[in-house]
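Pasting a structure here, questions to come.
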């Protein structure tokens, strides 16, 4: 009556074992050398890796941005995620100015319910941290299963917070058992540079990158670390793109601070030359922080190899070129920021990382699943294959070769920033809480099957 | 027919799960929610942790040193190790000048065979790296299951090698799939300071520390890292004691180098004030590198917490105060270097680390077992609890409180540097390849049961 | 007809020579081995040093602060400065919100004219950098001889500027040939900590230091450096107090940036234990940034020795204990910030620096005079003894021993933070533009003799 | 009866003044606004800079090397130096194995006497630091005016010393008032790489650079600094070529250590692409350390600008291509190391530094003269223009443009590594102790006019 995954190689963040896995109900109940069939439904996994389902700690689904809304909602976004091997997303609730956190959270619950094909949890992006909102932080932690809060050091006059707010939030979060995430770019500097560029008639996509220099990311990262240190609070820096920021995180960890950094697939394989593509095609790559000089890629790979960065998210935030990215045809600052990456997050890391020898299999699992689950209080329910854990499992065929493309991807968007890259390795079957949702090229799950999963409090993480 | 460990909490380097473990023969064959008894021998583990047996990557058993021999040989040393939860030691073969590596290795095989109560592997400490010895390195890797080689940057006119030798060994090892370990202290500086101290009549144990300043360790660590970088080879720095050396390793890892550092329990809980103990009692603490200023302890704990150090060895090297340490009563430089630590390595880390909140359980397992097994090619046979792995298992009672003492320890030596420390947590039962060797206060194994375990080649390690 | 200083040892920032100096009119016209008397007025300097008159780059005279006004104005302040060997001050014009820079400058001219006993120049502290004020910067540089502008990263809701303002000011200044000075403390963090302390009833002077941690200074220093780097502008960090900030400046200079740091005598010889003095006496030491842990003193001395800090100012800002400091008897945040240091700046550096062997004579002159004159465009008119330079000269008796005290000092204030320190070395005679203003214990100058000296543009400085 | 230099702009390490200079006998006796002619011999300097004569702290004249002898001896070398504006050289005495230091010094005195056109002092390169040689160090300091001793960390089996020797020398020198200089490259690594390259048939000049990687220089520099720190002694690192080494020096100075670094003109304007020149022309550039990747040039300029490097020497060591460099036509390791740079040291720094805006005039003088004189105990006799100092003076025409070439230079060698570079600025007249030795294109001095100048002990240097 269970499901028996037979003959595969199970990989966790620390182990690699040739063993069978037995799922009963929604959980893994046995891992053993040779589990008798005994009426179980058998799934053959010989020659395949059996990975924990991916936990994507950074997605923006159904999110309003600059007068439009991301192309993928929870239905299309989570389905595409599942095709890529991801079985849980932690999506960012957007807290609008004037609103309560709780209400914003409920808006997001409504977006996800009935649509998500895989499980989901929430971070909250705080847009307006007035005193009563500050007071909600411990309540969300205790009552709502939301234990991570993102603040923006960029997007002046919009989401950007000042240091007082960030410092107070860090202290509050530290006491409440929550983890503060920062988007670390110096928004003041960027705002000056953007206005100046536009005033000079520099409107093409490449000016997006030129007005957001890596030093602005390095500065903000160092500042956030200093504030966290003074607040005696842990810190998670989202989407680290460059040596300046990544080295700042290494320096903090060297000093024993509880500082964690995340990077994303796009920063590993794309670079700022992509902004030069003709016919406004550079707009596809407009995201914040921007793509950097190619030399940063090796820096980031080294950081992943040596565990100097811990999180790995897609920063999925898809917009169609047609009708959406086009809003900024005459003004790069109006191009909606973001790219569709939720589907290929694991595929990119597998190919350019594991397949090409830059990282090992355990690190692959740590980055795609385990670390993210641990950092955000979803572990051990999510992020591993272990007795009692949710049976979120990917059967990964390491031999398949395929070419990534908007023509074939499952995201609801007309472009793919990895277009044309040929990669080896693919999620062949994907299970969410024991139920198969992907079977080869077919989605066999159901929109609405996905549950909300509450996050536990942050506590010391052994990464 | 198997052994069923029931109801415990299994901890690996990445997971914590409430599950049963089934051992058949020498291996783990199943981990499951509820394994039927079915005639298996049941071992109750409720309320206990089920850890992988410890892998101690740094022991000196039956080793000649300065005209005497360590107090513990493979019989007493491995039995004591087992009492502490360690099920594999990687002992250092001493390669004597003029000898071949192979012959030295055979001498060590002879010391261990028939005596070891637990499994063992070997590193070789190269004493004399002439060309024909260099040529033996790949042969030991390919044929003898020895894949790690230690070189000394200290002990002038004895084991110390010059940079040419170290550099050539790094390149040879890098190509052969071996890992070079260094004892990183600048022996030239130390030699000058020691001679000068003795010439000044400064003969007490405390001068051992004063003539081996932390800067001498910092310098040698930086140098070894530079040489490894130029040789494009990985590097493992044994017994890191101070901020200078540990920070150098962090800096190397920050730059993406395959550099690993090890520390030992004594550097976490003892300090250089111990050398001031009256009546020559400071001699117990004479080891190299020496104990440091207390402020280094927090640095080292932070490095363990943030995975900036990866290995954790005992550096077991026991000498009796009476008759051995006493050789240096009038000259600290003649005090045999080393201390008995093989038995309490895990207990110290558990109490001061896990119990007192400095590190988590996964990190505890990583440090005591998994990392060491991975770094030296014993994984996944050793260092974890997984299907197909050797059933080297410790049932750890986290509630027992006890006081460490030479009066009660099982090492064959008249002193204990942790004397009088009261710690919580203790290995209750210990299995080596499925066979129980420790049952409470009783050794129930057999001298000679322990096997030699060949080490696989070094390859990229996800630590 | 001239003044002939005979037989002294002339010290400049690079030279030490036994020579006579001839002054004609307001300038030095000859330096020679043996200048004939020929009717000149002879001043004997045998056994004395002949130093360039000090240039104090950081004074606050006649400045409103927190509802009161500094105890010393241009009359008493510059007279006291002269007693200490200082012949030029660069005072900070306070630009009030709503005012123009030009008008604020004229207010300051009015305060100084007719009162100053020595020469003076001005920096402007910008209080409100709206667009029309930004546009005044190049005008002040070109027309008013003001080429340095100070911005505050602390004093939230008062002088504090945001990063946009600082960044824009840096770019504007860089283009205009001006130098931006920053008070580098993170005012947001401090504001939170101060409010919290007061809310907790922590009102004593020591909480002034506890609510302004060194990390807040380190953070702001790093941030200002990053902003200057992105703005491609030079930067001068005023009153550096701690390792965190000083090391940040060293790191910037190591990378080739035009970043300069200043420290002050109080940070070299006082420390945060002074805040513990009974009966509100700790209030004397309330200044921002606060006095630090004593260990920072050695760091700062090392930085001065190795030219890792370049400027040396008094940060004179005197308030009486009675009637002024007392305003904060029940609330440390209302204690007027600052201390009387203009008179003893050179005496402290001479005794604790030169006399006690921490720095050499050339460095002493560089720090007290030459560097400050070069950084702020007063060189070579001020800051050296050279042909054509203003004859601002101190005849310094290195043998006199004296005890610093409010009872004997010449500042118009009832306290002295160096009270009771016995120092060797004293300005015996002081000349400003050839006119003697100090003769032993007597002030022989005139209030109003001092001129305004326009500052030249900043250009690359060889420090 | 004196010499009156009239109307020039006198530049010292800290000052720039329009003034006349009067020389009487061998010294400067007056600097004044307008010195009456009164029978003095007048030298017009209007529109010219009047610099202190250069002090070249690093020359190898008449030195045996690899079976040949440098092409320039004290006669040709010092004459060429004078043409370039240098009036004092500090040449390296080569201490041969088995010899005493004193005897080696006398050999060098014999080489210089009767030949030198300008003044000279000596460092000693210690070739063999046995105990009786160690004991000579304080004797040379006290009795022979030799206060700097160079040790080699490279040239294995030849000049290279081990760390014990270097450490002991540092301590001895520190106590004796001497300054240790190091050639900082890891000779052990280089020796392995050279042998390997030759074994692989890699014999062309470019392999000289490839077998001496910058990491080998970085490592040795860090090591020397650590040893000096433990020895509590000052350290001077000769010929710094790359970021790795220069940054290590910055880090040491940041920590307050008395560590100084020197670079040379060739590392500022030549790079490792010069080794690729056809027809063995790359051999001209064979020197140790080798020329580096071009990116290091900007690093070194920044270090000079910010005073992070202090010394500036030519490392003159000339060999003819024909008959000398050719010795290594089939084996790069046999190419005599060194290049002819004594004549153009100041011209290169003036043009690429001052003229192109990378450094200022004061820094130019500090680097070419003052710092070197201070560091090695020749100041204030040498290295400045001051009353009582030797009248070593260069009248520099900043307007002349000329092209450097072996065809026109005055060194006795058939090649010039700056061949074809067109520079602005030239020594027009040069005085040594008051006597003119260069007058335009003519040498008007005398071989043998130059004196030996004893060096004073090292003491704290304000650089």
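Lettered A, B, C and D in written order, each chain numbered from 1.
Assume a contact is a pair of C-beta atoms (placed from the backbone, for glycine too) under 8 Å apart; a residue touches a chain by one contact, two chains touch by 3 or more.
Since we're looking at a predicted model, the values are computed, not measured.
J.: Applying the touch definition from the top, give me the chains sitting in contact with each of subunit A and subunit B.
T.: none
J.: Starting from the defined contact criterion, work out which chains touch subunit A and subunit C both, please.
T.: none
J.: At what distance in angstrom does the C-alpha mean of subunit D lie from that of subunit B?
T.: Going by mean C-alpha positions, subunit B sits 51 Å from subunit D.
J.: Where the centres are mean C-alpha positions, what is the separation of subunit B from subunit C, in Å?
T.: Computed value for the inter-centroid distance: 57 Å.
J.: With chain centres taken as the means of their Cα atoms, state the distance from subunit C to subunit D in Å.
T.: 38
J.: Among the residues of subunit D, pick out those that touch two or more other chains and give their numbers.
T.: Residues of subunit D touching two or more partner chains: there are none.
J.: Which of line, ring, star, complete and other names the graph you get from chains that touch?
T.: Its topology is that of a ring.
J.: Which part of subunit D faces subunit B closely enough to touch in the complex?
T.: 156, 162-164, 167-168, 171, 186, 188-189, 191-192, 213, 215-216, 218-219, 222-223, 226-227, 229-230
J.: What residues on subunit C touch subunit D, complex-wise?
T.: It is residues 10, 12-19, 22, 27, 29-35, 247, 250-251, 253-257, 298-299, 301-303, 305-308, 357, 359-363, 366, 370, 380, 384, 386-389, 460-463 of subunit C that touch subunit D.
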